[in-house]
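One chain, chain A, appears in both complexes that follow, with chain B as partner in the first and chain C in the second.
Our next item is the complex of A and B:
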């Protein structure tokens, strides 16, 4: 690839002229290049991470509703949020959605991965099709699901009529609306679980499986004692990443109920208070809460991941 | 019998995953009357909805905006992330903490960033401009790109670099001549992921654009008017909007899981 003497003279740094280095030479020299390379990133980080964070923190101690000067009110915003029933409902609902969606995704993912984990005709095509929902615009698919679940024009209700059931107004009742939102997210993200687990299944040690088979262990026993423990790190990765994404779920809400019908989740509530009521102080406090919850959840999961990785080794 | 059962299950799974996507295309070809008659499975296809996007409510601007913003932000992301990821992987700059801080921006709820920037952009006159959204997508994609590239850089053996430098190449020349050709596939995958995220993004686009810089996602939402939802044209626009991502999903199969898990799982 590289031959000795190949354009060496051209590319080599000039021999050191003591004290007369240009800034460019200094920055590309061995000593500082590591920092020179991350400077753009640091600038973006400072502008886009620390500025918003401190702004939200600062605003959460202010009473500020658009176009009026802000007033310092201490912890009042936090007190208001903590005494707000709507907040607790939204929080509880968010956890409910988190737990149910991730559990269903993992169960479906495990089942389908076990099903697909074999050689069969057209396996690559079928796996490819299963991957399609992953990268599609969530908003577009939410709007499509909204149409498909429509009480009069939706294909889902039409199929239900054909097989002799009654039409259901999916997005009209708090009982069903929240499950429809979960359905959208589950539809889109089950492939993620499938393929992460599939990757784990492919990496399983073959000899242990064979030994268990020779010993006449039952399938359930093999799954419980061999497959599941070795998949544990991957399952926790799925839970971790899905928690991160689900907690900020917005598009499926916007595409269907727009936060109504008992489907208001935490981030939608922050959005509503910030951009519909423009109660910036309260929204700041809520945003800080939302961030805090995400960080705590992710830290707990991350520790579990490390533990599982330790156990798997 | 077992084979039949297996294929039955596979067919059910395929129908489940494909149905909504197929339905987008089916709906986009239906006439106004047929859209409200789901029981009619056989219908005469029409291009009315696509013509609607050209003549009645021109959507070309939205596609243009989305393309500009998507490509500009991705170029910026790569310009920032590529050197940073290289630095992280070779020199362990910041001892891992910096990398962790970078990745943790991905955990931020969107509103934490949206709220301060809305007011900042309003004061700077950046609301509803391409630049504003490009900057936001830089923030949105940067951490992800840096981490993914970090993984790809780690796979290049350091000895290659050392031998190049022993041969008299400077750090920059080594990067250009030795590392870059090797990182190109990984960089391509990262680029495509950034393009897709930026193309699909709705939350920031919805808050920060109104008319001038409106992207495809926001354009889709506009079909949901105050009176009625125009399902036909909306489906037509969806079918065009999801086409590039469907193609990407098909051609990048090998890398999707790796990308989505930030390189933790090699699918």
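Our next item is the complex of A and C:
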């Protein structure tokens, strides 16, 4: 029987027993149960996220080249990084890759999502095929593209020869290599944009669209004034996630140029300094810098997301 | 009667001579160490071995099993591609995980890894009934230059070489011997067509054999474009071996080892002459790339060799002798083709080797010691070489029977390799590769600089500047010895 003030669906609190509660009672009590459930996750985060992060931060203030004792040097590693032209080139390239890749992925994602949003025969098969690149291991993907773009036996050059064009050494020139890296990333991640946007299109309220159609609005007008604004939160989520992932882009380089031919990006530079030179201090400073940039960018995007969500409501 | 006595005496003398001869062979021959000589090993803890993957490197695996069967010590192995070998192994060594009991060590990493490896003499003293003296006798069949490369700068041997990849020059002998080709070459360049001994000659040959579809080769119309030279200009360590071959051949050094009056190494220096020669090496390398097939700027040894085997190129001017088996298979692929090997122009190419070294954190150094002694033994190296392995033992390679044409496909690489080792011996002590304890890092940057020179991202002069800057920075940060002005 419910008493006055009891909430439906919530168990009634057991009658308080006299004396102190056992640990088990405390943990399973409403006050602490949420913390008890979260603690394992916090332990994992502390062990695998916070500890390495703070250790990396600590190391970034040390001169620590493996095999030599570490020495505290304050901000010297940061000063070195900021005075290193290679770092600025890598950072510039990373931003370039980031902006171009996200723009292309969103444009393609939007276009394909609009096409897939229609009813047609074999739509499930086509959607399934579109998803495939996301299911392939990124490293396998970069190796696959390395062969597909090979100047002698790659399928891309073969097709170019068939249509009367000259073969191109895609990974041999700084003019083309960076675009090949982008291509690999775009090819793999465009499906992500497609499906997020497609989900947004499917969830759009039909009545507003129908009203606009009835009023004789053009397709472009409907897209600009109705579709795009309502998809904006999802688009910002795609940008947010892809920004985080693209700053850490690594696999397309590992299977192809290995950072050569003017394709060294920020994360590859961290890898090279950490795992080839074992210059732990400098690599730590670079990694912290990379994290800082990611946090700043994501904070800006997150603000935009909140605004867009507010506008959508 | 008298004649009969003389005849009998003659027969007796002959028999005595034969007994002496055969007995001398049997009793006087040097005793070679073999698997049967490995004594019972007290420590039965399994051992784990790091190996290079791919190419002929996998041929070693059955021999690990043989050791296991003989000793009862389980041997497991982990193969990794050369590009990731250094990073993977050094992390385990530095972290003292003891993950590997034996590590495969490139000769140029020896100084850098010295703190993580057991000196061989120490193990011989501890585990070998024949002691250090017996171990030295065992090493007599190895090449002294390669042994120096497997040692630290103070001469402490840190492993036993088991596999070499000395650069040699491989060419299509059938094309070089074809009368019309010889005649055309003589007419055009004014000297005989023969394996190039200078870089100028190599350039001429590259130019001469680079032909378009429809032109003739050996009097036959070509159905595809062919190129003079197979090269390895991709962003892999091999590109720097090709540049190094040019630099060393003219007496240049990436950085010069500087010694004091007692002969002790006190630091490194890049002289103006070295910079000049390095710039020439970079320029010459780019010039030769004009005669290499498309794909070279991203390729390495597998690409270079495949081009040769497919008949797309006529010469691989600097390729590892470990690829001879594959390269010579052009004889199976192209009718009438004949492969031959010669010295690299200038005859100062990289003469690297892998050596097995026992990790200082091994939990079974006893078994590790015996395994590497077995792998580097005469009996084992001979057996493996006959199956296509690039043996590092001189006493195996110098066996006269292997000069017989029937061994051409297994041992065609051996004579130029031996000559290269002989020529190079005096210089090994001076090369940066075998003296700097920061060489693992320098190697990576050399690769990058050589590759960027090849793709013309930097001019040769800028490449020299980049090298001087990088060397000074890395040697100062990572090495024990200073860079001298």
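Observations, loosely collected:
Just so it is clear, the second predicted complex is superposed on the first by the 281 of 313 C-alpha atoms of A that agree within 3 Å, B and C clash if a C-alpha of one lies under 4 Å from a C-alpha of the other, contacts with A are read in each partner's own complex, and residues count from 1 in each chain.
Just so it is clear, a residue touches a chain if its C-beta (ideal position, glycine included) is under 8 Å from a C-beta of that chain, and two chains touch if they have at least 3 such contacts.
Keep in mind that what you see is a predicted model, and the values were worked out from it rather than measured.
Contacts of A:262 after superposition: chain C is touched, whereas chain B is not reached. Residue contacts after overlaying the shared chain place A:172 against chain C, while chain B stays out of touching range. When both complexes are overlaid on chain A, the residue A:294 reaches chain B alone and has no touch with chain C.
In the superposed model, A:129 makes contact with chain B only, not with chain C.
Once the two complexes are overlaid on the shared chain, A:275 sits against chain B and chain C alike.
In the overlay built on the shared chain, the residue A:158 is in contact with chain B alone; chain C does not reach it. When the two structures are aligned on the shared chain, A:143 is found in touch with chain B, with no touch to chain C. Residue by residue along chain A, chain B and chain C are tallied for touches, and B comes out ahead.
Shared-chain residue A:67: touches chain C; no touch with chain B. Overlap of the chain B and chain C contact sets on chain A: residues 152, 275.
Taken in their complex, chain A has these residues touching chain C: 65-67, 150-152, 167, 169, 171-174, 257-262, 272, 275-279.
If you check the complex, the residues on chain B that touch chain A are 6, 9-10, 13-14, 16-18, 20-21, 23-24, 27, 35-39, 79-81, 83-84, 86-88, 90-91, 93-94, 98, 101-102, 104-120, 135, 138-139, 142, 146, 163-164, 167-173, 177-178, 196, 199-200, 202-203, 206-207, 216-217, 220-221, 224, 229, 231, 234-235, 238, 241-242, 245-246, 248-250, 253, 256-257, 260-262, 264-267. Interface of chain C with chain A (complex): residues 83, 86-87, 90-91, 94, 115, 235, 293-295, 297-298, 440-441, 444, 448, 451-452, 455, 457, 474, 477-478.
Put simply, chain A touches chain B in their complex at residues 1-2, 4, 6, 8, 11-13, 28-30, 33-35, 37-38, 40-42, 44-45, 47-49, 51-53, 55-56, 59, 112, 115-116, 120, 124, 126-141, 143-148, 152-155, 157-158, 161, 187, 191-192, 195-196, 198-200, 234, 237, 241, 244, 247-248, 250-251, 254-255, 267, 270-271, 274-275, 280, 283-284, 286-288, 290-291, 294-295, 298.
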